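Just below is one structure, and these are the notes that go with it.
Chain naming follows the written order as A, B, C and D, and within any one chain the residues start at number 1.
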Amino acid sequence: MKYLILTWALLLTSAVAFAADVNPEQDRQAYQKHFTEAFKEVPLKEFTNGVYAIDPEGRAQWEAIEEFPPYEIAIEKGETEWNTPFANGKTYQSCFKWPVAEGLRQHYPYFDAERKMVVTLERALNECREANGEEAFGWKKGKLVDLSAYVSFQSRGKLIKVQIEGADAKAAYAEGKQFYYAKRGQLNMSCADCHIYNAGNNVRADVLSPGLGHPSHFPVYRSKWDAMGSLHRRFGGCNNNIRAKPFKAQGKEYSNLEFFLTYMSNGLPYNGPGARK
Amino acid sequence: MKRFSLLLLSAMVLTLGACETKKKEADKPMVTKAKVGSVDCNKETFDKYIGEAEAALAKARSVGHEWVNTAKEIDTAKELAGQGRFDEACKDAHAGLLQGVMAYRQYEDNKNAGPRF
Amino acid sequence: MNLSRRMFAKGMLATTAMFAFASSLPKALLAAYNKEAFESNKMADAMKAYYGTAETTESDQIKITAPNIAENGAVVPISISSEIDGAESISIFVENNPTPLIGSFILLGAKQNISTRIKMAKTSNLYAVVKAKGKLYATHQEIKVTIGGCGG
Amino acid sequence: MADKIRIRARQDQGVVEVKALMEHPMETGQRKDKKGNKIPAHFIQTVTAKANGKVVFEAYWGGAISKNPYLAFEYNGKSGDQVELVAVDNQGQTFNGSTKVR
């Protein structure tokens, strides 16, 4: 018992000491500065359009798809789901203190200090189901993503404003940050290798998109998937590309990564759901 | 250390550009296979290799650096051993071992990874 | 029993509605789906099956709006417009697709300006063929379909 | 019956632009599933468009129109026109949708 307390105390002090070095705001400014300087001609807000902010050939095709984007089907299905009461008669809205019409996406991800974990929008939606006696939906595609598409659509134009308060939140942020910059997989590449240092360069025929703005437009209808998918589905795809074993959607690794990555885009507007190649 | 970076580098060169579409090629870690040459292999040595490979994979997995093919490599090795094809089984076990070890080294090298701009 | 009868009645209604709907479609349309043309593996065969001839006249009055490099061969947005007098239809052929005839658009009063999204198996010429007053006019553009890196 | 076709139609200077999105797998019949079995062909073959009950446009398609097909065309018309689209696929299923021109 004594040992346990001692270990806890040690862990706590180390967490605090660790957190003291964490300066998310300074990180964010450096991150955004890097992209605005690397792509001088691109206005800050444009980064929410991902690769289409810097690839004119791709942009023309994306604009043609945006004429009537396939994600509208998902928004419609998500709206129906949102308005369908659970077996107990309650609705999704009962789980959220903000009306959906004003958008919910901008309140996520956030750090739940009590549970000491990052809560994403998708997690909140599924937890709402479970709290009302319904089974959780799958994380990466299907009904949950339709629901997320509908909810995200209501948040278009709202600014990203992730908050990081307290040592635990800072620790989660730091873990997400470390994940982003750490090389992984057989190709020995990090998220940053592609989406910071090589943003704008080609991988075969693909132009690598800038990391700034990445989380603004999810979930996305991806032509390659022929379907909708969540941000964590995309994370898994990226990890697989560099031959690293993907982590579980909504697990600690990707939730912390989303926390970090979304914080990096603070100040930019949400514009999801999106369409991507 | 030098040997590891060399291996890693050649692994990168060989697999780069095979990002995802050429899964079949990437599935076979050519470097490790080429490296393993002739190992005198029988049930005993195989058991030793596969044990080491599994331990290395578990170690890499515990720190979140498992590579995508390592578990497959080990499974294949076991399958081959089950068929009595020990030469091939040992090669795959070795490949799994090498990947596990390199993945853990990758974790160590990237513990304090951060931006450079 | 009651339930199943109701369901049956409902089913009947739906079927009747469908029949009513189908019969309201122009006869010509139902007869006109040219299976042979759509299943031809060569562009010339598809054209012959569809038009009775594969001979076209090059025309600069037809405009193709399509990418030079497709982001994703599964979804290639294209637009075709033309200013040919008396145009009756616009058809799209992708030479290197397993079945080159992609679609045909019949302008029964509609303007010579259509858009859609198509699948392309590999790099190929895309032909836009306009039929006007019994003659075929065509133009083409090459669209490259590349192997993606990681995509998006 | 079945899934509806989503349509947007707006008029500008006497020309109505109609844009439609249909929910459909558009299987060519040439793809194989993970087990190596051929996925049966399932694609829309004909689309008929009417404005105030009169046919103004038809399309015949093979399997190479992308999944969830998009179609846009124009005709001479006016605001308030009732535009109706009907699609029939190779399995005999019918899809439809309609809208009033803005």
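The rule is simple: a contact is a pair of C-beta atoms (placed from the backbone, for glycine too) under 8 Å apart; a residue touches a chain by one contact, two chains touch by 3 or more.
Just so we're clear, the structure is a prediction, and the values are computed from it rather than from any experiment.
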Chain of greatest Cα-centre distance to chain C = B
Inquiry  = With contacts counted as defined, which of the two, A-D or A-C, has more C-beta pairs across the interface?
reply    = A-C
Request  = Could you put a whole-Å number on the gap between the CA centroids of chain A and chain D?
outcome  = 34
Remark   = Rounded to the nearest Å, the gap between Cα centres of chain B and chain C is 49
Remark   = Chain-centre distance (mean CA atoms) for chain A and chain C, in whole Å, is 39
Message = With centres defined as the mean C-alpha position, give me the chain C-chain D separation in Å.
response = 11
Inquiry  = If I count partner chains per residue in chain A, which residues reach a count of at least 2?
reply    = 65, 67, 203-204, 226, 241
Key: Sites on chain B at which at least two other chains make contact   = 19-20
Note = Each of the following residues of chain D touches two or more other chains, namely 67, 70, 72
Inquiry  = Applying the document's contact rule, which stretches of chain A touch chain C when the two form their complex?
reply    = 50-51, 57-58, 60-62, 64-65, 67, 194, 202-206, 208-209, 220, 222-224, 226, 234, 237-238, 241, 276-277
Residues of chain C that touch chain A when the two form their complex = 67-72, 74-77, 79, 115, 117, 146-152
Ask   = Can you name the residues of chain B that touch chain A in the complex?
value = 8, 11-12, 15-17, 19-20, 26, 29, 61, 64-71, 99, 106-107, 109-115, 117
Query = Which chain C residues qualify as touching chain D in the complex?
reply = 14, 17-18, 21-22, 25-26, 29-30, 32-34, 38-39, 74-77, 79, 94, 97-99, 101-111, 113-120
Message = Quick check: in the complex, which residue numbers of chain A touch chain D?
response = 65, 67-68, 70, 72-73, 76, 226
